[in-house]
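For reference, chains read A, B and C in written order, and residue numbers begin at 1 within each chain.
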Amino acid sequence: MVNFRRARAYVALLPMAITACVIYFGTTLWSLRVSFSSSRTFPTDNFVGLAQYARLFTDDRWLVSLANLAIYGTLVIVVCLVLGFLLAALIDAQARNEGALRSVFLYPYALSFVATGIIWQWLLNPTNGIQEAARRLGFADFQFDWIVDPDKVIYTVAIAAIWQSCGLVMVILLAGLRGIDPDIWKAARLDGIPAWRVYVSIVRPMLAHSFATATILLLTAVVKLYDIVVAMTQGGPGTASEVPAKYIMDHLFGRANIALASAGSIVLLITVGILLAPILYLRRYSARLAAR
Amino acid sequence: MSPRRAARIGLYAFLASAALCFLLPLYVMLVTSFKSLDEIRLGNIFALPGTFTLDAWRAAWSTVCTGVSCEGIRGGFSNSLLIAIPSTVFAIAFGALNGYALAFWRARGANVLFALLMMGAFVPLQVMIYPLVRVTAMLHIFGTLSGIVLVHVIFSMPLMTLLFRNYYAALPVELFNAARVDGAGFLRTFAHVVLPMSPPIIVVAAIMQVTGVWNDYLLGLVFAGRDNLPMTVQLNNLVNTTTGTRLYNVDMAATLLTALVPLVLYFTAGRWFVRGIATGALKG
Amino acid sequence: MWAARITSFVLALLAGAFAQAAPPRAEVMHWWTAGGESAAVRALADAYRAAGGVWVDTAVAGSEQARAVAISRVVGGQPPTAALFNTSKQFLDLIDQGLLGTVDAVAVRDGWDRFLPEPILSTIRVRGHYYAAPVSIHMPTWIWYSKAAFSKAGVTKEPATIEELFAALDRLKAAGLIPLAHGGQPWQENVLFRAMLANVGGRDLYLRVIRDRDPRAIQSDGFRKVLLTFKRLKSYVDVGAPGRNWNDATALLITGKAGVQIMGDWVKAEFAVAKQLPERDYGCIVGLSPQSPYIVQGDAFVFPKSENRDVVAAQQLLAHVVTSPRAQVAFSKQKGSIPIGTGFDPATLDPCTRKGLAVMTDPSRVVGNDENYLIPDQNGALSDILTEYWNRNVPVETVQKDIGAALSR
């Protein structure tokens, strides 16, 4: 009887299986195949071995984009998780104004980035934006011209990305918090444990799954980041704020070089795999330990 | 002042300053949308409008020209709805079922499939356009409403499944076991036990999916066919012009108008973000 | 029963007869979505309608995106009747895959090879067949200046040589204005480079570098001088330039905060929105020497191949209408481009367009744009090197070497 029930599970998972295998795995294999060719606008069978990968790793622009990915990726994930947790906890702790507060932090997620990118460009521009406004208010030496500084421009991209994604992390953690037994709070108060202690030592571990979801979500957003860079800096000044997704996109369409673009996306996948694999392995290992 | 009170004030101060930082871009957008182009050209982005005007909003909705047609962005509104509603419903349904099956029923090989699915979440969607065009053309749904809905469901499956799987994995397993002991099958348990505990995560999933589908224009452009183009195509035409003149005030107004639907969803979602659903079921 | 059959047969015949009389219907995909561009497309649509056709508009902003969507639709089996591309090597792959139809009949009948500039012809005529109908001709490296800014800085004469241009820029700097209004985006830096290559390098060097990709020309002293002049312009650009959109740079001219902008003739529409007129509020310099090359950059409609006779008829009609003088004049007035062909009165055009037309009709001065001669990948690689050189301290010898490598691929 158990087997019959389990069969239903398999049937329910069929769409996912088809999607995963045919669409995602299949497309990845196709990309891999194209990356070994010299295809331009359309896929051809002109095989050139690892030439595209060689070109990729001698291209400064690609290497800069990988370095940028590491920098803003770490920043966005860490800051969003911390800030998102703080905001979720604060909103959860006090019952009033939840709708308004939630909307304040979540609304950036709703705005299409093509126009918001222009706003951020204006805000961060030293001639018209925050720097100029602060100077007019009297802070004559105030400097905030990161967006025109090739060494600091990637941080402005991180700021815009954090602004856009924080709200979603907050909401995911809030949903997780809502699943926690309210009796825990009562018990903690009876025992005299301060609220922050409860959050850090008791609640946070119970939110492990929500944190996992939020982290993976942020990681996918970070890896696929494209709109923000195009709208804010166009990859500039020069190629200082180049990101892998933009490199891939530019070569896919504008430069009519789908082979190089495919090579880039395969490398990106492998990079993500290398990052995630040890974490996943660690979780399985610790789960096995716990089960023992 | 007691430390409790100081802490409380500190918390509110933190919330308030965070809120101000988050609202700054919105302020600039609104202010720009109420100005005339001459004022915008002067470059004072923080200044309140000298002459407050709603012209940009009117133009954005119904008169601005995008290509040959001069009907603003309103034309695609119904198309956007037609695409967003089925996409959201199917995506959430599949995500919930997948998450439930993965979290509670140890199906063999399911984790491998899930890993493959998650791999797809890291591929920029533009890379997948060519293969998907070929597949949908083969299925004869390229350029149709079913085609674009299918494409949206495919692209959302990894993250929807992840969302539900992790949420269900955190729920107390006693509930599930109790249902099985009572003799409930796969679907029965899902409908009567798991689904009622899901409103918070369904809200999150809806927020993500509605936002993603509503703001998408590239997939809509390629897969929806000319008669089903969502309103974001018009929005993009307005804002993203290459060598045309830019009407910044209309751009901002149009962006805010387009964002209204997801924003309304965010604001009204609170009713289902209720506390202690899971544990309430346990006690009762 | 057979009465029903006869009725349906007769109805089908009638329907067939009426279908024959259906007007040619063209779905046209393009990226002209905003402001003056929109009005320009409407002029074309009106002309098509006047000729008896039905224009179905599919506007997609962003030229790269529009082309990508057009290609996707061709691959998916639902191509538009016509799709906009640049007069460039962008659609060579489409031709090689046999996905484009030809418009030889229209080209021959209307005599395209008689009035089209050679660079345009060379891109639309591939292996003896005409695969595209040119719609607009732009010049990307005009030198615009604000009359108000010039008078404030005491610049009385319009610069006619490169030295005079730099002298004017110095005076603007001394007067506290932004000498060169620039938007720090790779394609805009490319515009500055091409302007210097044309004006400082001259037609011969331009062609040897861009068209022939001659390694000796690229490593030559003449090219080195061009690169150094290009980099020299950076000292006249304000600190807020990176990322700025081209029309925000034009806005600086319009409000009198900046003096000069080097940009294509599409800026005229931006001036027009601000109600500024050529020769009164702003000036236009076509080149910095009497023989300076006139760079031609164009857009053209390609026609995805179809077996359907109605579609082909619609395509042929479109090719004929968009290149006809009346449609061209109406279109270019809104777009800021130069009307294609002959057979119209130049007096109806604005002074800057007239200047451009006069130069363009001299074949010894006309050269093609970089995309005319380079495939998109090479063009992109060149752009990357230039933008890095502009923004960072790269020695000019390294730049020459890198450009040589990029263009030899």
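Basically, a contact is a pair of C-beta atoms (placed from the backbone, for glycine too) under 8 Å apart; a residue touches a chain by one contact, two chains touch by 3 or more.
The structure presented is a predicted model; accordingly, all values stated were derived computationally and were not measured.
Peer 1: Walk from chain B over to chain C along touching chains and report the minimum step count.
Peer 2: 1
Peer 1: Where's the contact count highest, between which chains?
Peer 2: Result of the pairwise contact count: A-B comes out on top.
Peer 1: Let me have the rounded angstrom distance from the C-alpha centre of chain A over to the C-alpha centre of chain C, please.
Peer 2: A distance of 37 Å separates the two centres.
Peer 1: Measure off the straight-line distance from the CA centroid of chain A to the CA centroid of chain B, and report it in whole Å.
Peer 2: Measuring from centre to centre gives 15 Å for this pair.
Peer 1: Would you give the residues of chain A that are in contact with at least 2 other chains, written as numbers and ranges?
Peer 2: Answer for chain A, listing residues that touch two or more other chains: 118, 127-128, 252-253.
Peer 1: For chain C, write out the residues touching at least two other chains, lowest number first.
Peer 2: Within chain C, residues 65, 68, 75, 245 contact more than one other chain.
Peer 1: Where in chain B do residues touch two or more other chains at once?
Peer 2: 43, 130, 236, 239-240
Peer 1: Which residues of chain B touch chain A in their complex?
Peer 2: 11, 14-15, 18-19, 21-26, 28-29, 32, 43-46, 94, 97-98, 100-102, 105, 107, 110, 113-114, 116-128, 130-132, 135, 154, 157-159, 161-163, 166-167, 169-171, 185-187, 200-201, 203-204, 207-208, 211, 215, 232, 235-236, 239-240, 248, 251-252, 254-256, 258-259, 262-263, 266-270, 273-279
Peer 1: Give the list of chain B residues in touch with chain C in this complex.
Peer 2: Its residues touching chain C are 37-38, 41-43, 65-70, 129-130, 133-134, 136-137, 142-143, 218, 221-222, 225-226, 233, 236-247.
Peer 1: Please give the residue numbers of chain A that touch chain C in the complex, ascending.
Peer 2: Touching chain C: residues 40-42, 60-61, 118, 121, 125-128, 145, 147-148, 150, 153, 232-240, 250-257, 260 of chain A.
Peer 1: Tell me, which parts of chain C touch chain A in their complex?
Peer 2: Checking each residue of chain C against chain A gives 64-65, 67-68, 71, 75, 90, 93-94, 97, 184-186, 238-245, 375-377, 379-380, 384, 387-388, 390-392.
Peer 1: Per the contact definition, I'd like the list of chain C residues that touch chain B in the complex.
Peer 2: Against chain B, chain C makes touches at 27, 30-39, 41-42, 45, 55-63, 65, 68-69, 72-73, 75-78, 245-247, 251, 254-255, 264, 266, 269-270, 273-274.
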